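First, the structure itself, so that you have it in front of you.
When the chains are written out, they are named A, B, C and D in that same order, and each has its own residue count from 1.
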Amino acid sequence: MIQTDKFHEECGIVGVYGNPDAANLVYLGLYALQHRGQEASGIVTHDGKIFYQEKGTGLVADVFRAKKLGALRGSVSIGHNRYSTSGTLANVQPLMGSSSHGTIAMAHNGNLVNAVSLREELEVEGAVFQSTVDSEVILHLLARSSGNTLIERISHGLSKVRGAYSLLFLAQEGLIGVRDPHGVRPLLLGKLKEGYVLASESCVFDLIEAELIRDIEPGEVVKIDENGVTSYKPFPKSMPTAQCVFEFVYFARPDSVIFSQSVCDVRKRLGWELAKEAPVDADIVIAVPDSGVLAALGFAEVAKIPYDVGLIRNHYVGRTFIEPKESIRHFGVRVKLNAIKSVLQGKRVVVVDDSIVRGTTSQKIVKMIRAAGAKEIHVRVSSPPILSPCFYGIDTPTREELVASSQSVEEIRKRLTADSLQYLSVDGMFRAVYKNTSGSNKDFCAACFTEQYPIALDEQKSHQFSLFDNLISSDKVK
Amino acid sequence: MIQTDKFHEECGIVGVYGNPDAANLVYLGLYALQHRGQEASGIVTHDGKIFYQEKGTGLVADVFRAKKLGALRGSVSIGHNRYSTSGTLANVQPLMGSSSHGTIAMAHNGNLVNAVSLREELEVEGAVFQSTVDSEVILHLLARSSGNTLIERISHGLSKVRGAYSLLFLAQEGLIGVRDPHGVRPLLLGKLKEGYVLASESCVFDLIEAELIRDIEPGEVVKIDENGVTSYKPFPKSMPTAQCVFEFVYFARPDSVIFSQSVCDVRKRLGWELAKEAPVDADIVIAVPDSGVLAALGFAEVAKIPYDVGLIRNHYVGRTFIEPKESIRHFGVRVKLNAIKSVLQGKRVVVVDDSIVRGTTSQKIVKMIRAAGAKEIHVRVSSPPILSPCFYGIDTPTREELVASSQSVEEIRKRLTADSLQYLSVDGMFRAVYKNTSGSNKDFCAACFTEQYPIALDEQKSHQFSLFDNLISSDKVK
Amino acid sequence: MIQTDKFHEECGIVGVYGNPDAANLVYLGLYALQHRGQEASGIVTHDGKIFYQEKGTGLVADVFRAKKLGALRGSVSIGHNRYSTSGTLANVQPLMGSSSHGTIAMAHNGNLVNAVSLREELEVEGAVFQSTVDSEVILHLLARSSGNTLIERISHGLSKVRGAYSLLFLAQEGLIGVRDPHGVRPLLLGKLKEGYVLASESCVFDLIEAELIRDIEPGEVVKIDENGVTSYKPFPKSMPTAQCVFEFVYFARPDSVIFSQSVCDVRKRLGWELAKEAPVDADIVIAVPDSGVLAALGFAEVAKIPYDVGLIRNHYVGRTFIEPKESIRHFGVRVKLNAIKSVLQGKRVVVVDDSIVRGTTSQKIVKMIRAAGAKEIHVRVSSPPILSPCFYGIDTPTREELVASSQSVEEIRKRLTADSLQYLSVDGMFRAVYKNTSGSNKDFCAACFTEQYPIALDEQKSHQFSLFDNLISSDKVK
Amino acid sequence: MIQTDKFHEECGIVGVYGNPDAANLVYLGLYALQHRGQEASGIVTHDGKIFYQEKGTGLVADVFRAKKLGALRGSVSIGHNRYSTSGTLANVQPLMGSSSHGTIAMAHNGNLVNAVSLREELEVEGAVFQSTVDSEVILHLLARSSGNTLIERISHGLSKVRGAYSLLFLAQEGLIGVRDPHGVRPLLLGKLKEGYVLASESCVFDLIEAELIRDIEPGEVVKIDENGVTSYKPFPKSMPTAQCVFEFVYFARPDSVIFSQSVCDVRKRLGWELAKEAPVDADIVIAVPDSGVLAALGFAEVAKIPYDVGLIRNHYVGRTFIEPKESIRHFGVRVKLNAIKSVLQGKRVVVVDDSIVRGTTSQKIVKMIRAAGAKEIHVRVSSPPILSPCFYGIDTPTREELVASSQSVEEIRKRLTADSLQYLSVDGMFRAVYKNTSGSNKDFCAACFTEQYPIALDEQKSHQFSLFDNLISSDKVK
């Protein structure tokens, strides 16, 4: 039930303070957050004197072998999972830097929108950058910040930064967690039997037997040290909250609580609203596993059509699948999914998916269901059409690749060869999120569905990453 | 929806004849069969002159890298997946041997019950064994067989063998498939656009776009060569059919058709019968994912209780998980499964699982559901209590480890701390399998539930593997 | 001073009996014998009950990691180094087999000349071969041998075998060493403080602090068990001794004693004789390092010309050197060797090499010396022209590739662009070996120089390996 | 003849400009320079737009696989070999940094003595350091330098740096080579058929068929771009030349020309002077291979005692040797070296070594020669006693570990159990270096022998590296 491949959140982050097994707990936390970034990960610990670091590309279990984990000593630790198709090991977080304020390690979930101009300014002042990730500007801003305390330096440094950032810092002073003033990405505080934990999602707490205390609030900075948890609110209060609604739609694990709600519940309600908005006369409701299952259950419940399992997912499919030769290729979807003939044969089928990106996978799924004998195929999508990319930390394709940016619903339906296709409306989505009937939104970013970006984008934005990527381009580490 | 870790079938096998991409297709087939054995695999091909071989331990995608797969030339190929916790690379199948009849490669799914005595006899006659797998005796019997044709030699050689065996042979003469006279393990024939395929389950055919023709029949030998498919029935007809019912209960993929039935359909009917036999007043029905989902759906349907998702499975969990330190261990189940509080809170919950082996995992699941706030927990198992090990190819624990071999249902319920526990009856299981009301069985082996073994076991059986394992014990290949 | 790449002995073997560190000592012994075979190695141990095995391709230090070595328990062990450019892991020795006489492990140095016909006979009798190495026939002969004791079975089994074989067996009965009746390959017995050691060369004894006792004699079988060392002479006495003279010329380490003589001393005497036969007026004598150094020193001593270092060898060159692109290739020799201009400039140089195989390397060396400014270059070779391949265990090129098989010395000189070229005569070689003036030979095989093969070759000999190699051809293990 | 393990130069560097195979040529150059640093290496190339980078730990041939080398596009390239027992991949050079002046890559051979204070100053100004190597300060100084051209910025930046540095820079502007004003480490310019090459030693030029043009002079900066080679002399002229004499004694390859002399010639003359200063009545002169061979030849020549080979070196010994168990350990030296009894038996032996560091290896060698039957053992060392560590780029042990820092020659002799021991005098060393009779020195640093350091050391020097190493301490990359 954990999505694996539709598109990608940039990162998951975990920090532990005050536990002798800090590295082990962070490792388990990263394990639980692999759906947020599974291509590279790193852990830094501190034992009061020395920082220890392990980084690598690959799944968490491949990066950290027993021996290595044991070498990460100390009772404070932060870790980071990253989705990344390119870049050097220098880009794998946590980033570390040494400055006149000492050494600091940092893990960042989100994306900065003024990183290019900040980087240019810093370079003019003599800064030397060693990675191509936007997050590195924060390290330099902190090094140049004149505050007397780490909290002052963080507050001052971040005051120049614009964009989405949930951050963890590990320094001599303790463990610090930050959520940007808009609160785009989640970050939660939990209590361990011994010590504290900060993480992107509450599923981490369930795994390591921590108790969920609360969300870090938008614009809040928390410091965890020997005096416990101290909260700071250093940012101006005027900024609107803009939590990412797509975390509910697709990214977060359904067993997580984020933004003060159960992801599972929201998804089911998305199915409810979808069934109300887009009813259809059919024999069964099936899901595109795993991400569509909860909305499909919700849809079935309201539509009073039996839920069934019509598609099977093969979870042995890893990232290293060898694409076969030309003559037998295009196996991508079928290696992952298979249709069950005995379920679908002769049926009028509602297929619920959480979203449609390029449309190619959906098309293959419809064909697969058709080949299995379905009489009618009604595609229902539990979110609105994706019109525009995310610039706040989700690796969406370009606008050109998003099928809904240029095609009408009817055009997409034809492309999918479905008998009908309906998306959930934006209002319907917010009715589900807010559990009310108004469908109005005040706390969420839904820019990918509405093209209304709550954090202003720099003009040069679209060139940002290609510029950075030119700096260093090889040095992949196996 | 594909089970990964409860217990283990020994093997999955695939063979392709007459396709220029034979190795690639076998590779895809092994990919689809990893639930039958995921710790080692091998592929052999033949290009009319030379045999090519790749073997290794690990997941299919790790064993076969693009380059290697390309080196496996030829239009005929067989492959094998193996579950194995010990043994040398020499034990990884397909086994190959060279004799006066030429070179032959063999892949075996199942387990022989007279391998020890056969091996002893063969050794007295001068045979030299180089692996510790029971299957190797077949290579030696074939080498000593006096038949004029490969089919005669196979028929003659196998006449001495007793046990469960679905076999693939690759030789100069072509591709041969064999199913033992009892038909314990499945083996199916499919038609590719170009050429033929033999495989343990029909899900292989779906993936490589082959058309399912039929089961190889118990006791049937098929030879596929330039003349097409030829069928032989060399074994005496008196032997009773004894297809493994556990393939339906747990092993086979739900999207497969085996023993002429959809596995998905059988599993749902197991849920129906369970709901009839063991009704309970409850608020929701949840499954232990992934293997319990279909029976849970069936249960919910008959019981008219809503099906819901109460447990989430993390599919990123691989075999290399590092068990953390003593102080935070026992994470095994929670790394894989998590309970959703918002679903379970205050509910009377029916939890459907396909089977209970040692009881330890079930106990942890019950506790996890209880901790998530469930008011009542009613465990329902869609198969009868497992009383006794399998000797025909499934890696069950010893009788001592099987919780139901020594404890009553009530004792197990207490151990699980469940409010109620009920298993499906043997009759109920067969009503589901046969879609009738009698519950009588004539074609299946259910020895693990009934202790009635259809193929006589040798007395020394229990010592067999420890004897073999002493021969060679290290030499694991990474 | 240890040759690395000219051509290759097939193997080095070591066995230890009665020492608690048996595997470690065998490992060290294999380390010392890597010049005899550096592409694959294996160790088997026995702890009285269980056999332990590790095998792999690559250098000894890569195959055996600390952890693995620790897993090889027991006080008896045998090991094997192999040079091999092809073949499966099944071909890496020690070979193991299980028969009615129990399990046995075997390591073989040498080459059998009737392996093809023996294999055919054995296969007709029902034997199944699982490797493509000639040595496997011995395992089958032993399994079929009717003797009451292991020594009887070995004696009886080997009576059918013809060729070169120094063998080690590890069985329940103890450690057995065998040298073939002709004594082609060396095998020596040493005494450890605790236990005994058998090895291909005495340099093993120096490393592990064993005392050299004596050569195992041609045709001798020794058994080492709790009763100490027992000697057997099971073979007919009429066979002529034919020790490989090339072990002195090139293969053995100069610090070894084999065939009762110091290799270093023989090599220096080869230089003496060469200086007497082929004097030249020159300024300096240099060697092609490392294998030509001792003969060069001997030459310089007799010729009364100063020895100098004119060529430097880069020992960092491993097997994994990446051949650069077309435009800058042919770096092979220069990566390994470099000429010192300040030594060679304006000099008349005698270059001493131990042998010339294809002539291509020698040609490059002459050109390199010429480019460094040498005025005259006189190549002197401390062995006769190689006319014919070895069939007794050295991996010589085919006759066609041996430059001296088709070209006169003068033609070779022109090809090398040397000012003069002279080889040592066969008589000169034997004067050096026997320290006398006659030059007559009675104990050595010099077939590669004389084309007189002391062990008759089967007619089909030349097809032998290609036949075997067709059986299995991929499955290389990293 | 290339030393491998006595102690370690920090680095070797190679740069190529204007050749389409730049990365391949740099790779070959690094291959030739592995004696200067064999534990990590990196290559950076530039194709006019993009920088490409590969780094890794291990031997050159292990770091760069064919595929990777091909990915390093462009006609300009620099590479670096490093000896290092600790540190993160971030410490592997070439270092890269991006600043307002663009991206630059840098490779450094040598060691800075004011890196700690410079780093502190830079950090106060806001610099963020990401490695723990002293060289990184140079990147920051350049980024802060206000010069208009790269040469001005390099000149200005380096004006603050004190210590030993031969540097290569790769930037948009071209390839830059720098040798510090003292000229401690070598750096030479060569001409390729197409393009230019800069390297630490001339052996690189021999390998890639470049012509040696000249040394880069102390204090010289050369820029190579489309206008050819331009020379700059930006540093004050008053600084004394202080070339490392130990490059002649031990480090450089004997086939190299550095500091305008053949290393081979200097070494032989060291032997001459040693024979004059420390004559002895003996039967043979042997070398400790490989580094002592040339001095031994020189000694033998002057002493008129025959040179012989008494110790054999096993070149298969790699870095991964497994130290056996306690009971059989201390094999270190014997795995590498073995004595030849037939040469040494009954002889009075002069053993020539290039230097003695801790004395432990020498002691084992003397014992080994004694055990081989030598009657007398006279150790002669072709350099003076090492009294003090190097702070300019050689990884010498601490003063406490240097046997000659606290013990007299007679005490060392006793420790070695040699019959006599004599070192070359400092004057004798300089007579050999200058080919004259005065023994006076004006161009070389001999601080390790004389304790007179030509570049002033900071007081805190001894704490420098431990300070740095605390910053980051794990993250080793396999």
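In this text, a residue touches a chain if its C-beta (ideal position, glycine included) is under 8 Å from a C-beta of that chain, and two chains touch if they have at least 3 such contacts.
Note that the coordinates shown come from a computational prediction; the quantities given were computed from them, not determined experimentally.
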**OP:** Supply the minimal count of touching-chain steps required to go from subunit B to subunit D.
**Re:** 2
Original post:
Which chain is most remote from subunit C in terms of Cα centres?
Top reply: A
**OP:** Could you grab the centroid distance between subunit B and subunit C? Build each centroid from C-alpha atoms only and quote it in angstrom.
**Re:** 49
Subject >> Centre distance in Å when subunit A and subunit B are each reduced to the mean of their C-alpha atoms >> reply: 36
Original post:
How big is the gap, in whole Å, between where the Cα atoms of subunit A centre and where those of subunit C centre?
Top reply: 61
Original post:
What kind of graph do the touching chains make: line, ring, star, complete, other?
Top reply: ring
**OP:** Identify every two-chain combination in which the chains touch.
**Re:** A-B, A-D, B-C, C-D
Original post:
For the complex, which residues does subunit C have touching subunit B?
Top reply: 49-56, 68, 71-72, 88-90, 95-100, 103, 120, 123-131, 139-140, 143-144, 470-475, 477
**OP:** Show which residues of subunit A lie in contact with subunit B when the two form their complex.
**Re:** 1-2, 4, 20-21, 24-25, 27-28, 31-32, 34-35, 38, 59-62, 64-66, 69, 203, 206-208, 253-255, 257, 262, 264-265, 289-290, 293-294, 297, 301, 306-309, 312-318, 320-322, 324-325, 327-328, 331, 334-335, 338-343
